[in-house]
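Letters A, B, C and D mark the chains in the order given here, with residues in each chain numbered from 1 onward.
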């Protein structure tokens, strides 16, 4: 039975109420029913692009107060943690101001659209001495945690190969697809928007990336907006990347695409070790395929592991194996991690300093694509 | 954006705080953040087997009050709906008393362990004129709803075949597995415990079952309890069933097992039509396989449909296809259905009267197994 | 390296040159290149429905002589083994006359369309003291052999469940599908035509079937012939069967359909044991799924075994695992078995006496369907 | 019914009788039973490393004569076509001498271990005016042909992405694995040995590769031989490649590994188009996954196509869909292509001139890995 400390609460201020805003809100309101916590989140304040939208969202999602001006929220004394779910280019100003006010910051990925901002945010976070967490939620999956542990334990031997993918088709139609995501200052292309998940996941599993060669391609040099007007586009639709990890004897292959027709949630990887191999795809997030060489030849093959209580913290959601976690459950695990970090139970799983390293890799990929040369990642 | 009516609330009384109790609690606290509702659930009262357990659970799950005596709860004036998540044999007395007090009742499956009780509960519900809902949560899956609609629309032609399964291995070890589930008065065996899901699902998809022949097998005639003592067992571990549906030209095959080693959540079916076919398994609850004959021979095959906003109400959880719902999300959809029924938006998806029909099929299966003869289902 | 004895040959007489006739011919001409043999098959004589067809087929398939009268073939002194690939109703007269002439007989399945004939053929074979082999070629699959061995060795514990299927859609269109297969005297329906494979496979894996209850359904009571004329049909399109095996504590479920829209080669089974489970489908004939309980909970799941040299006699075809055998390769293995039986290396894998047991099960299924009662299989 | 011309034959001389030698022999002896041919292959002459081995192999595989000296074979007047299945470094001298004698040449892949030899062989073939065919047998798969046609027909729109793989684990053990394959002059590493299949397949599907950047890695810089002696190794175990195709707007990713633990036959690809996508793996050579955008959102997904008569020439092997072709069947289709080319029915599917283009790509990959720069493929 969980043992919640109801007397202590954490004031949550949420900026943005779209897809990820709602996911944050739901996670905050649900987490205390799933996990024992040292403090309960209190849905205190919601900011959105204007007062009316914010009021409606606060009502719908269960927040006590609302505002059309996020500056009010980030300095509000009742707020302990600021959750930022706005378009990517706004992450930096909001986070910096929240940090300046001594708030913990829970920021959606990517940390920022520029390396400069990512660096400034990380330095500000360190100066403030608060908890930061970037929403690389796919890393919260119990099965992915198990994979990381298998790798770290040498269960599949020395790692000798890695292929990573984030392929999805949500920007796959040229017609009618022109939007804010096409502005380099905003989403910044497929690499920034979804590639950051892949880079972060790869680092989570295998450690530092030191060198890259890559090519970013704009498959559709023009796109039309829903009103039929054509717009030139110069951000990347796809990225093809070769990468070297520190102290590892192989060249990894990473591919990113948001025009991958037919693929919906293709964050996936295959890890090869000298004594085994592992395969995973987010499209079946409750499964992992593992091969281990220490089997007789006629009993050897990939085994499908299925999420269940044997993979913590699955059991907090359901005692029965095979019942499956969903996307929103990963966000609940993430919020559990946030609260544990704030209450001193465990460090943040992905603080700004870690997301900065991911941003440095993405920066090197951009430079490698521009020069056509192998490029070192800044440390 | 959801438009919640915060001024109206529904007082929830939960009996039991185990696996399903927690699932109910989480669904009640989360549902308002996912869906617009005409009234918000208010986690008011929790009863459990003694006051101490109940108090701890109420604290953990977010209920305002608690009691060790469920009789207090079912007559409490602040309670609008009683949610029953206790062992199967307790469903009847609790539901009957709640109904006698004019409460809506949300009862876990199966409705009861005896047909007599199921009938009494249904009659009491009709007399009370309240909302009842039995927790056949797998039927809330958007993909299962889509399948039902495809069948009803004739999309795969006339239905000419059906195989249904609920195979799981959670009772698969003879040693140490003796428990309350082994008592005929409690879980009542594999058929009652999990087979009820399969019968209900089959009826949901294809309508009334009229005749059955079956054989129930006790694979392990003795089991030991965790303390090593051996106990005779005479409930069914498996059921093999042939069934006829009203006005359908085929014989369906249904199998149930809780000793199916290696299977974790094998509620699955294949439906064959004269112009197509459909396959589903709860082990991959976000997928459906569909074949349609109207394709050229060299472009013909089973297509994997993946859960997404095209299958309502998935979009309420996540705007991106392929991101996946989990087990707990199905319970949230169920609670949405409960509140919609209470607030007059839509009828209950599975009222007691419907669960009674499922109980009548199970009764016929038991009789058919005992006599070895084709047996008609009572109407 | 194979060590063929070229000095000894076996004279092959083939009756029929359709689908299976060609498969036989190809297997006979290829087998000596794949396997070492004590005698080489000599493609001597081919009979077909008239002299012209037979001559063309002999030319195409590589036979030395041909005839339009099979009676000539079965008594020809150059013939050692008669291979029968004609429609089912002709198996009995051809086999009986070949046996009367002291020939070995290699007969396609099913042995016959009536139990009486099957019995007569078996008695004649025993009287003749020759080698007989019935073409249940799916049992020649190295992966299926491995499964049988796993079961026999107790590798998955005591067997406590079995589901077997042969579902295919080749008779799934009502329009234009009326043919000789619709005559009870010929194919005899889905059960006789493809169900015999399933019954034989089930017996191969688990031993004798002792009792059955079943229902045969005619899904399309009329079918039209290609010329558009409607014909009444009274043979079975589907069979739903419960079966008991000798000395096994469970009820097996067997289903057969030749109107299973979308399924192409669905001979499949799942075997459950007290300590493991196995799944197989002919649609992926080079794979077997196996679960074994003796794994830690977080490393447990179904493992996909892939055909390779570790599963004899795969290595005779290819030294590399994963390269895959095809349908015709199973026939080559079968012909190897035939020649080994003729040359005294090993007994026939499926002599008439074994196929008779399969015929007895099918007879019991027919009677059980007619009476609606559990029916014992004759011994 | 096939219409073989038995009066015309083609004298076959086979050099080598290992894995591929046997596969050639079986294909030559079987092809006439499967396909109608304008001339029948005559298994005339077999050469191997000494007279004794050759004699045994000729006996086993059905060749009339044998020799320990391949020079005898390539000038023998009874030989029309020389089939070369020896280690890679011997391809060039054998082919050149056979061509000088005016023989058709059927050579296993890769064409040669050096670009110089590949060029010389191609020029000699053109000078001789004979038929040449390189054994890229995976391209003979009916399903791969269907994919190529879909791409060419624009069925999935403009091609905007390609990932290709050949990952296998047969050299995955460091201990005891040192062999002739480790010599740069022989197999020449993973890229030459299996990568040539991938490059050829990629070109078969998408046309010319113009530019590459790559990195070849030697994962195990030492390997021990079976006698336990350690040897330094400097050939590639893996290759990670980015490639540009002529007139295509994307960067393809190609990876090759022979140390891919657990993978057995991972020649696979995913093709993305603007209106669809296709996935294939040789591990399930009878299946292709295809997605097409022109479906409603709630009926959209990848469809599994299964090999059958709708994909010629599958029907020559078996009239039933789903029965599956095997590895050796692809070789039979290849030999059919060889005989058709020799008898003037159709051009060779992969003449030396085509294999030379593949060799040029491999050469560019080697140079790109050495320099770390994008490198143009010679034309």
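Going forward, contacts are C-beta pairs under 8 Å (C-beta built on N, C-alpha and C of every residue); 3 or more make two chains touch, one makes a residue touch a chain.
Here is each chain with its UniProt name: A, B, C, D = Gfo/Idh/MocA family oxidoreductase.
Please read all numbers here as calculations on a predicted model, not as lab measurements.
Novice: Suppose you hop from chain B to any chain it touches, then on again the same way; how many hops at least until you reach chain D?
Specialist: Steps on the shortest route: 1.
Novice: Let me spell it out: compute each chain's centre from its C-alpha atoms, then which one is farthest from chain C's centre?
Specialist: Checked the centroid distances; the maximum from chain C is A.
Novice: With over half of the numbers shared counting as same, classify the chain B/chain C interface as same or different.
Specialist: same
Novice: Roughly how far is chain A from chain C, centre to centre by C-alpha average, rounded to an integer in Å?
Specialist: Roughly 54 Å separates the two chain centres.
Novice: With chain centres taken as the means of their Cα atoms, state the distance from chain B to chain C in Å.
Specialist: Between these chains, centre-to-centre, one finds 42 Å.
Novice: As a quick test, compute the distance in whole Å between the mean CA positions of chain A and chain B.
Specialist: About 34 Å separates the centre of chain A from that of chain B.
Novice: Going through chain B residue by residue, note those that touch at least 2 other chains and give them in order.
Specialist: 263, 301-302, 306, 308, 321
Novice: Under the stated contact criterion, what part of chain B meets chain A in this complex?
Specialist: 1-4, 6, 17, 19, 22-23, 25-26, 29-30, 32-34, 36, 53, 56-57, 59-62, 168, 170, 263-265, 282-285, 306, 308, 317-329
Novice: Which chain A residues qualify as touching chain C in the complex?
Specialist: 146, 290, 296-306, 308-311, 321
Novice: Spell out the part of chain C that touches chain B in their complex, as residue ranges.
Specialist: 156-157, 160-161, 163, 167, 172, 174, 213-215, 217, 219, 237-238, 240, 242, 249-253, 255, 257, 259-263, 272-277, 291, 293, 301-302, 372-374
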